[in-house]
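In what comes next, subunit A is part of two complexes: it sits with subunit B in the first one and with subunit C in the second one.
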Partner chain A sequence: MSIHIPILIIILPLLAAFLVLLTRKYKIVLAAVSIITSIVFTLTLSSRVLSNDKITYHLGGWRGPLGVSLVIDGLGFFFSLIALGLGLLVIIYSIPEKRYSRTYYFLLLVSLSSMIGVIYTADIFNMYVFYELLSLAVYLLIAYPKTGVTLRASFSYLIMGGVGLSFFLLGVGFLYAMTGTLDIFHIAERLPAAFNSSMQMVIMSFVLIATGMGIKIAVFPLHGWLPDAHSMAPSPVSALLSGVTVKIGIYCLIRVVYTAFSAEMFFLINSHNILMVLGVVSLLFGASMALAQKDLKRLLAYSTINQLGVVLIGLGIGTEMGLTGALFHVLNHAIMKSTLFFCAGIMITETGTREVKGLSGFGRQQPAITFAFIVASLGMIGIPPVNGFASKWLICLAAVEAGYTILVVIILVASAISAAYYFRVIQVLFSNPPEQNHIPAHEEGQVIHKGNLFRVLPIYILAAGCLLLGIVPALGISLAKPAVSLLLSYVVP
Partner chain B sequence: MGSSKIIRTIAQKLFPFIMLFGFYLISNGHLSPGGGFQGGVVLGTAIILLALSHGIEQTEKIFKSRWLNMLEKLGILTLIFLGFLGIFFGYSFLGNFLPLGRPGQITSGGLMLPFNIAIGIKVAAGVSAIFYALIKYRGEI
Partner chain C sequence: MNPVNISLLVFMIGLYGVMSKNNLIKKIMGLTIMNGSIVLFFISIGYRKGGLAPILEKGTTGGIPTTIFVDPLPQALMLTAIVIGISVTALALALIVKIYSKYKTLDIQQLSKER
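The block that comes next holds the complex of A and B.
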């Protein structure tokens, strides 16, 4: 049974998703149990993966390059743990909301299982199929409240995401035309020969894949869908989108750039410079746009663009420290941003407004939630005792070592800007409320009791995670270590 | 929806043949052009043809949307279950555990025939359920 674990991690949430549609009573139990089982299965692999072992599973017994195989290595393990862990917390956070019917849990489970599919598969076309499945589920989750704004946000994401994935598919087609295989590891073996004969084709496929994933990651000129989609979605979905879904795009980029376009090609076509430039642009753009936002969730959405810029800079530097910093920042950002979105969900529920101005006095009503919010936003800015500092510090160190001192200045400027917008929110939280009795109206039209355990528990867990990873960064770094050594083994053959 | 008597009669007479062709595509999917998805779509269009000619209420009396929704979920669950059977019989997930037979025969595809049938059921039910939804919720939202 133990050799079947990779497929079970993917298929159990998918099976539960369709079983959820058949039951009304046990939908939450079924969803939570399937995700917990998947997490347990993933953890049983941890000892093998963390000792730089690679677990391969051939679907239907067909080996590559013909068949589809699943590969769990350090990189996949790292990302799948983030996805599953946050997915469980999102499900717990959604429990008190009675409006979420079984369709909601169905979509949540399908999106989670296809995320794991994207991460584990070694077949690049299969990656596209799983990504499309993930995107379809996410479009529907954004539009779940069925109001005008959510439908519009979802539709614009649908168009942008469709275009992005078509670019990705076209790039995959070029790779297939050149190498005659879809298995990533076989592509990596055959691509150097193709590069010598037809350089233009290789560059073209890289550009197509990078553009497609750029839309999904929302780097600066391709970010148009993100602020609407991430801010209009229901709060748990926003947390999932900002915390995990964009990270899947980063995973695909890393996987394709480092594994398929291996070693010398990465530096030959200067793709590290491209990543760095895109990172800097979206870093500054996200920070300055967030500064101008009045809507709390929109502010958080622009902050996502800002933080993803930091990750891209770390990836672009490409040294060991830079990659460690980038992957660690992926983990940190997932934890911090979902804390912030969970807190924002409660704030919007309690105060009945999405405006930052309307939050005045919330800090005195609910000090615990506010404390979690402050911890996570300090992490976003990058202030020492919280985890965001550790990863930003690593990326800055790597930039100095690689001779890009200007990047450090840019990251510090962006951090200062993010300090400006987060402190503005924190200041409003503790200011005196204006003397008026506004009726609390939920964003989805329902008030939830403020002491609900299921709402606050994920927030406490995540805030504790922020502090823990900030005080003992070695925990997160040791998790990212196998992934980094794997990536470096591709760069230096 | 009031269609003329000619259209209603022709649709009624065509219906079994379209169904038959759909089943043919599904069951010969592993031997000739066709397969679960294509055959399922043909089955779905047969139901859509009835709905267009006889009106949605008439059609819903025979092909109830509750049953169609149920069949759709059943199709995908069967598919996953067949995949699991591969594990239980000692192969890998989606591994073939059926005898392979002589090439060209209907039983020669191993697991492909049950797969195609499950996919065909799902697609047929899905296509017609989507059509029902489009007709019923027209103009809402």
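The block that comes next holds the complex of A and C.
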């Protein structure tokens, strides 16, 4: 039994997904229980993973390089905890919404289980299959309300996502042509030899995979789908998209760059510079576009591009501190951004408008939600007692140590810009409400009781998490430590 | 001109179709062409000139092949990739049907003007 835990973590939500389709009454219980069981299973592995152990599970007993195996190491453990934890909160947040039928929970569970699949699998083609499954579920979740805007947003994401994953698959093809295996750890062993004989093919495969994942992460020139998809989706789905789905792209990038392409190659083909430049560009672009938005959720979507830039800069620096900062920022951004989207969902349904202007007076009506919103947005800006500060500080320190002082200036400028747009929202929240002139909202037709426990509970948990990680950053750093030491063990041969 | 180069050329044609066409269905056709080119690419990786189907007959010693075999793994992978490609296409076409019934147009320029 205990040997089979890795596959059970993936299979249980998938099994529950199909059972959810059969029942009408117990759909939420079933969904929540399966995710909780997966979390418990993941936590039972924590002691082994956190002591830098690696858990390998061979599917069907076939060993690599031919068979497909699941590997849980520090990196996978870190990302799967984020995905499962936030997934549970998203399910809880969706409970009061009567509009969400069985198919909604089905898609949610399929997307969560395929996320775990992407994270745990060591086979790079299997990673592609799970990623495509995840994407299909996510396209449908975005289009779930079936309004015109959501359909269009979903379609543009589908086109971009399809192209991105085609690039990824072509890159995988090049890797297979060079090494003759699809197991990521075997590729890492055989790639240096291939690099000496055919350097161009290695660079080609790196470029293809990085471009494919770049589309999924929405780095600056490839970001076109993100603002529509993240802002038009239903609020819990937006939280899932911004908090977790984008992080899966980052996970794949880290896995392929640091594990399959070993560190020598990483520096030989200057890919750390590429990551850094992409990070800087999308940081500045996201910040300045968010400044111009009138729509609350669109503002938050552009802010995602901004924060992912910070993560990419941290990855690009590539020192121990930089990587710790980047992974810690992944965790922090997942927590903060889902708080913000959850709050935005309540604000939009209560005030009946998506415009930032229409929020005036909300702060006096619901001080608790507003407080959570302010905590999370302070974290986004990077103000000390909240978690966003700790990770940004680590990345800035790493930049100074590695001699890229200019990056610190850029991160600070972007933080100042994000302060400008978040303070604009906070200021509106506390201003006096104008005369009654309701603009019809996009998300209409829901009756949600004020202060419904299931609505506010995830927000309080996440806001408390923001403060906790801000006051005791060592908690998050200790979670990211095994992952970092793992990545660096590939760097130093 | 070897099949790998041809498949990359077809990939580029598909990419061009996705990026430059205004009609939603033509975009999907581009995506399908990209998918097909990837199938061609993988199959041509596994191809060996004069290779046979990789079936080990009784009597071959220790599983070590005595003749040249075609690499079976890419073919198996491509079966999966084809299925995935079909499901993406089906989903995209379903979305297109919904979009058309809402807006009565398939042109992306006109769609972006709608609110």
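We adopt the following convention: the second predicted complex is superposed on the first by the 486 of 493 C-alpha atoms of A that agree within 3 Å, B and C clash if a C-alpha of one lies under 4 Å from a C-alpha of the other, contacts with A are read in each partner's own complex, and residues count from 1 in each chain.
Just so we're on the same page, a contact is a pair of C-beta atoms (placed from the backbone, for glycine too) under 8 Å apart; a residue touches a chain by one contact, two chains touch by 3 or more.
If you're wondering where the values come from, they're calculated on a predicted model, not measured in any experiment.
Enquirer: Applying the touch criterion given at the start, work out whether A:E132 contacts subunit B, subunit C, both or neither, answering first, second, both or neither.
Expert: Second partner only.
Enquirer: Check whether A:I461 is in contact with subunit B, with subunit C, with both or with neither, and answer first, second, both or neither.
Expert: neither
Enquirer: When the two structures are overlaid on chain A, which partner does A:A419 contact: first (subunit B), second (subunit C), both, or neither?
Expert: Once the two structures are laid over each other on A, A:A419 reaches no partner at all.
Enquirer: Applying the touch criterion given at the start, work out whether A:L151 contacts subunit B, subunit C, both or neither, answering first, second, both or neither.
Expert: The answer is both, since A:L151 touches subunit B and subunit C.
Enquirer: Is A:V163 in contact with subunit B, with subunit C, with both, or with neither (first, second, both, neither)?
Expert: Touch status of A:V163: second partner only.
Enquirer: Taking the superposition as given, does A:L140 touch the first partner, subunit B, the second, subunit C, both, or neither?
Expert: A:L140 sits against subunit C, while subunit B stays out of touch.
Enquirer: Please indicate which partner A:Y176 is in contact with in the superposed arrangement: first for subunit B, second for subunit C, both, or neither.
Expert: A:Y176 sits against subunit C, while subunit B stays out of touch.
Enquirer: Which chain, subunit B or subunit C, is in touch with more residues of subunit A?
Expert: Comparing subunit B with subunit C, the partner touching more subunit A residues is C.
Enquirer: Contact-wise, after the overlay, does A:L22 reach subunit B, subunit C, both or neither (first, second, both, neither)?
Expert: first
Enquirer: For subunit A, which residues belong to both interfaces, subunit B and subunit C?
Expert: The answer is residues 146, 151 of subunit A.
Enquirer: Tell me, which parts of subunit B touch subunit A in their complex?
Expert: 73, 76-77, 80, 83-84, 86-87, 91-96, 141
Enquirer: Quick check on the complex: what are the subunit A residues that touch subunit C?
Expert: Of all residues in subunit A, those touching subunit C are 125, 129, 132, 136, 139-140, 143, 146, 148-149, 151-152, 154-155, 158-159, 162-163, 166, 169-170, 173, 176-177, 182.
Enquirer: Quick check on the complex: what are the subunit A residues that touch subunit B?
Expert: Touching subunit B: residues 1, 3-4, 7, 11, 14-15, 18-19, 21-22, 57-61, 146, 151 of subunit A.
Enquirer: For the complex, give me every residue of subunit C touching subunit A.
Expert: 11, 14-15, 18, 24, 27, 31, 34-35, 38, 41-42, 45, 73-74, 77, 80-81, 84, 87-88, 91-92, 95-96, 98-99, 102-103, 111, 114-115
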